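Chain lettering (A, B, C and D) follows the sequence in which the chains are written, and residue indices restart at 1 in each chain.
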Amino acid sequence: MAELEKALADIAAEMAARTDRGNVATYIPQLGKIDPQKFGIAVATNDGSVLVAGDADEAFSIQSISKVFTLTLALGEVGDALWKRVGREPSGNPFNSIVQLEHENGIPRNPFINAGAIVISDIMLAGHRPRETIGEIVRFVRFLADDDTIAIDHAVAASEQATGFRNFALANYMKSFGNLRHPPELSLGVYFHQCAIAMSCRQLAMAGRFLANDGRHPETGHSVVSAERARRIASLMLTCGHYDGSGEFAFKVGIPGKSGVGGGILGIVPGVGSMAVWSPGLNANGNSQLGSIALEMLAKAMNWSIFAPR
Amino acid sequence: MAELEKALADIAAEMAARTDRGNVATYIPQLGKIDPQKFGIAVATNDGSVLVAGDADEAFSIQSISKVFTLTLALGEVGDALWKRVGREPSGNPFNSIVQLEHENGIPRNPFINAGAIVISDIMLAGHRPRETIGEIVRFVRFLADDDTIAIDHAVAASEQATGFRNFALANYMKSFGNLRHPPELSLGVYFHQCAIAMSCRQLAMAGRFLANDGRHPETGHSVVSAERARRIASLMLTCGHYDGSGEFAFKVGIPGKSGVGGGILGIVPGVGSMAVWSPGLNANGNSQLGSIALEMLAKAMNWSIFAPR
Amino acid sequence: MAELEKALADIAAEMAARTDRGNVATYIPQLGKIDPQKFGIAVATNDGSVLVAGDADEAFSIQSISKVFTLTLALGEVGDALWKRVGREPSGNPFNSIVQLEHENGIPRNPFINAGAIVISDIMLAGHRPRETIGEIVRFVRFLADDDTIAIDHAVAASEQATGFRNFALANYMKSFGNLRHPPELSLGVYFHQCAIAMSCRQLAMAGRFLANDGRHPETGHSVVSAERARRIASLMLTCGHYDGSGEFAFKVGIPGKSGVGGGILGIVPGVGSMAVWSPGLNANGNSQLGSIALEMLAKAMNWSIFAPR
Amino acid sequence: MAELEKALADIAAEMAARTDRGNVATYIPQLGKIDPQKFGIAVATNDGSVLVAGDADEAFSIQSISKVFTLTLALGEVGDALWKRVGREPSGNPFNSIVQLEHENGIPRNPFINAGAIVISDIMLAGHRPRETIGEIVRFVRFLADDDTIAIDHAVAASEQATGFRNFALANYMKSFGNLRHPPELSLGVYFHQCAIAMSCRQLAMAGRFLANDGRHPETGHSVVSAERARRIASLMLTCGHYDGSGEFAFKVGIPGKSGVGGGILGIVPGVGSMAVWSPGLNANGNSQLGSIALEMLAKAMNWSIFAPR
């Protein structure tokens, strides 16, 4: 544990000194206001400890990291029937590409690109009003993180609603293929709100523990999802969790992760623990630049690559 | 060990009974002659055992599985400079797609699609005649498998040379972008011969052991590649090893693997062992249909998913 | 003139007998109700005659034919600055493709595919409310056709508004690139209404006369557009007027034309006259199947190909 | 005639003064050596006159302009069966794009992009040795131009043979779809030689006369092709003759034309005459920069647009 504590402190110190921090996302105006000097990291181990460094208790917009939680929820509701409407393959394209949808009849490649997550939102809407579905998502994340203070940043949600033209395009496009069941603006309403959930690294690391623990809530031991499903979600994080930089992240870091344009990354080491990192500047693929480096350093220091003998 | 022995026997029995066996590749005429009823499986564990079932000692054309060995060799020769000419991302396209090359200036997405492997062949040609490079590859595979009987099936190589128009297209296309240094027919000569290496499941499982053992030859303990490099090769197998079915294989099987259109798959469980399976019929993505199912059953029976707590 | 009269009668008779009439567009529900047996044809010559055959006085939904009139209007308002936001090249893709927009930064290839026409609508909106712009378009078409009875079919407009998800996708997608200045739903409001204008073959042929007469209103002699602009609009009709079947139409018919999914086609023979044909069944490219054949027969009978010596 | 003579002299004078002359093609090394100051223009009218200005008697590499002559020949040999293997639509892509072939099963969009012309070469090879087919093409061009001095520049042919990797890629790619009947290197041998024919503007203008005269040789009156076929070839020139700049050329110049990367353009005014222009510098679409401008000026001065009333 001392080793991990030292690793986190070293990483936080080194990251604070870096000057090339990537570029903060500006296409969502509200996100463009974040201080690029922020850096936080947190690890929640399966044995119940939580270690942090840097700005680990400051909430940020989790954005696409929310896709891990909504996929989990939607699989719980409709099971593997979900895979008729969303694929399981890396996209080979940017996160907001529409080309693939034209070539593949409106079926998004995986649940972690925008189009896929919008279909997931549409699935969760079945029989509910948007407000109810959004409430369900927030309650689920609070439950996973054991923290009732987690909430949506409504200014961010409104900002995305007002400027998310490309997501409107994706949703309407899939609707034209019949792959959304509800009016696009309702499915998008859910999507924009889930992305606007604000969480700290500590809260995120806590919320991810079930994926490192074969699907069980580490404290209560209750099953959130089956072991098989937890592993499969982790495999999707590895192959598709960083958009068109997923191969690179797997190559360098070697752990399943999911990034968001808010600058956060959630990482999972099966059997060991869950971790979260946050640095708002993004690299060319739209993933946190320092966050990726920090997780690479951490995985190396702790020998956490899932491709290493254990 | 008895558990593994039983698992292999059960799988071989079940696979023998299956009637939906996929379709044998016919675009290489020589491969189209193989009996689709064949099925073999072998596991070489890190502690030195080899267990087999079915037609595990019958040689077949390893085809794209050879890309794992040539990538390893080429990295040994030029190191990470290799990544300037080949990417590390899943392609989101079929194994022989040329579209991506047009959009990305002749840089193939990863070393496991055809275009990427042809660049690797071109890299290994530097300073050599094709015959020398081919000889080097065969010697390397023999060394890895501890078996000097491994050889190239020249009828298969000739068959590909005569009909591999799409590979000629890929090579000439990359040459037009300056991403081949030698005449395309020479780089392809190496490529066609490496694909035509014939090996049995037993030999393949033996040859893959170093990747399950952090880069070290399991018997001698000598380092074939560094631990980091072994892990990175495994990560590429997981994200890119099954063409546009890589996400699916990771999702269902959960271990790094590399398939070939000859119907073979090489699988790696870090710290545990290496395995090979062979069934000539392919699924829609060009991967062995029963081979994929067999490895899914084996990984489940032995709890070998790299996404499971260990 | 007797020759033309006979040609029209012959064509109408032959078309009535055809059984393979293509498929009526159903993606706009209101259009799916049209009787596929309908066939009309009309020619308005530059010397002031109008000859008709078949259902030439029955109004139908002009749909994309309206793009000729709105392009003319928008060029009149902003001149060649229009071409900064819309290209002039055939698309090589279906009429509602979105792929090209992703590869070319939201600039549609030409004003006659949906995306291009939506930008034109957006241009015409400048400084106006949608209702005003729609009114201006209708007044312009009435003026061109010398017929104040021309009107919008509001049931069709409402039908498109309710189901035109792909057009919503295109508009939002271009908006994300900054190539729409107004809220997408406003530009689309104009677009859906212009498409829903109902006209007969006679009215359409009348409205197209200025393009066959170097831009001048044939009766008054007033200039609607400059001669150069009239020719350029005709050239765009030839190269882009039939979506991904434009080359085929130029090859077989040899006159500038613009088709609509309502089954109408407007054709122009410079110096001779304007013509319209209507048959609701469409071919694979979304152009009127019998309409294309009828114009091919007419152009051949009258030696009207612009590629023929005159 | 004096008017035309003056127009040509004015154009040649103005073009000589231009400093922005585009860039000479360098991907064929032999072409890169041409003096960019060269400019020639020639018009052969249907009444038998030939008027020239500038370097109109200097031979240059006709390159893709040859595709007009080989298409004519191949249509004469196999008739409309040709269209089963080549399309008639603008490509919406650069002249050497391979993307379209992957999406459309190896059928090139039209006979004027490289892939299409290679199929045409393959068609003409049937039953012949490459040398015979090349001889036939040269004889045909000499016949059309009434000039037996026209010959292939073998240095250019060799230069293309040695460096034309992208054309090798296109040919092998189509071969993989079965759309070449001969070994790709043979079809390419014909193709490279036809492109290397050297002609002056005067010779080219002479050779194009039959297309402006409804298919008849203007002096003898003999039919080279039927009137319908001549018109259809002209329509393909208009819609596809300038690669992805075809729409622009039709818009601005308004006459059917075919360009080559050697800097030449052949233009046709049905009923009036044939013309050729040459300036080696190319614009972004690979068409002669000054050549396009010169033809625009000429068409305007003489009122030759096929979209104008005549």
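We take it that contacts are C-beta pairs under 8 Å (C-beta built on N, C-alpha and C of every residue); 3 or more make two chains touch, one makes a residue touch a chain.
From a predicted model like this one, the values you see are computed outputs, not experimental measurements.
Asker: State which chains count as neighbours of chain A and simultaneously of chain D.
Answerer: Both chain A and chain D are touched by B, C, going by the contact rule given at the top.
Asker: Measuring between Cα centroids, what's the chain most distant from chain D?
Answerer: Relative to chain D, the chain with the farthest C-alpha centre is A.
Asker: Taking the mean of the CA coordinates per chain, how far is chain C from chain D in Å?
Answerer: 32
Asker: With centres defined as the mean C-alpha position, give me the chain A-chain C separation in Å.
Answerer: Distance between chain centres, rounded to whole Å: 47 Å.
Asker: From the C-alpha centre of chain B to that of chain C, how far is it in Å?
Answerer: 55
Asker: Quick check: what residues of chain C touch more than one other chain, meaning two or more?
Answerer: none
Asker: Name the touching chain pairs, would you?
Answerer: Touching chain pairs, listed by label, come out as A-B, A-C, B-D, C-D.
Asker: What does chain A use to touch chain B in their complex?
Answerer: The touching residues are 46, 87-93, 100, 109-110, 212-214, 227, 230-232, 234-236, 238-240, 244-248, 250-252, 254, 256, 270-272, 305-310.
Asker: For chain D, which residues are in contact with chain B within the complex?
Answerer: Its residues touching chain B are 97-99, 101-103, 165-166, 168-173, 175-176, 184.
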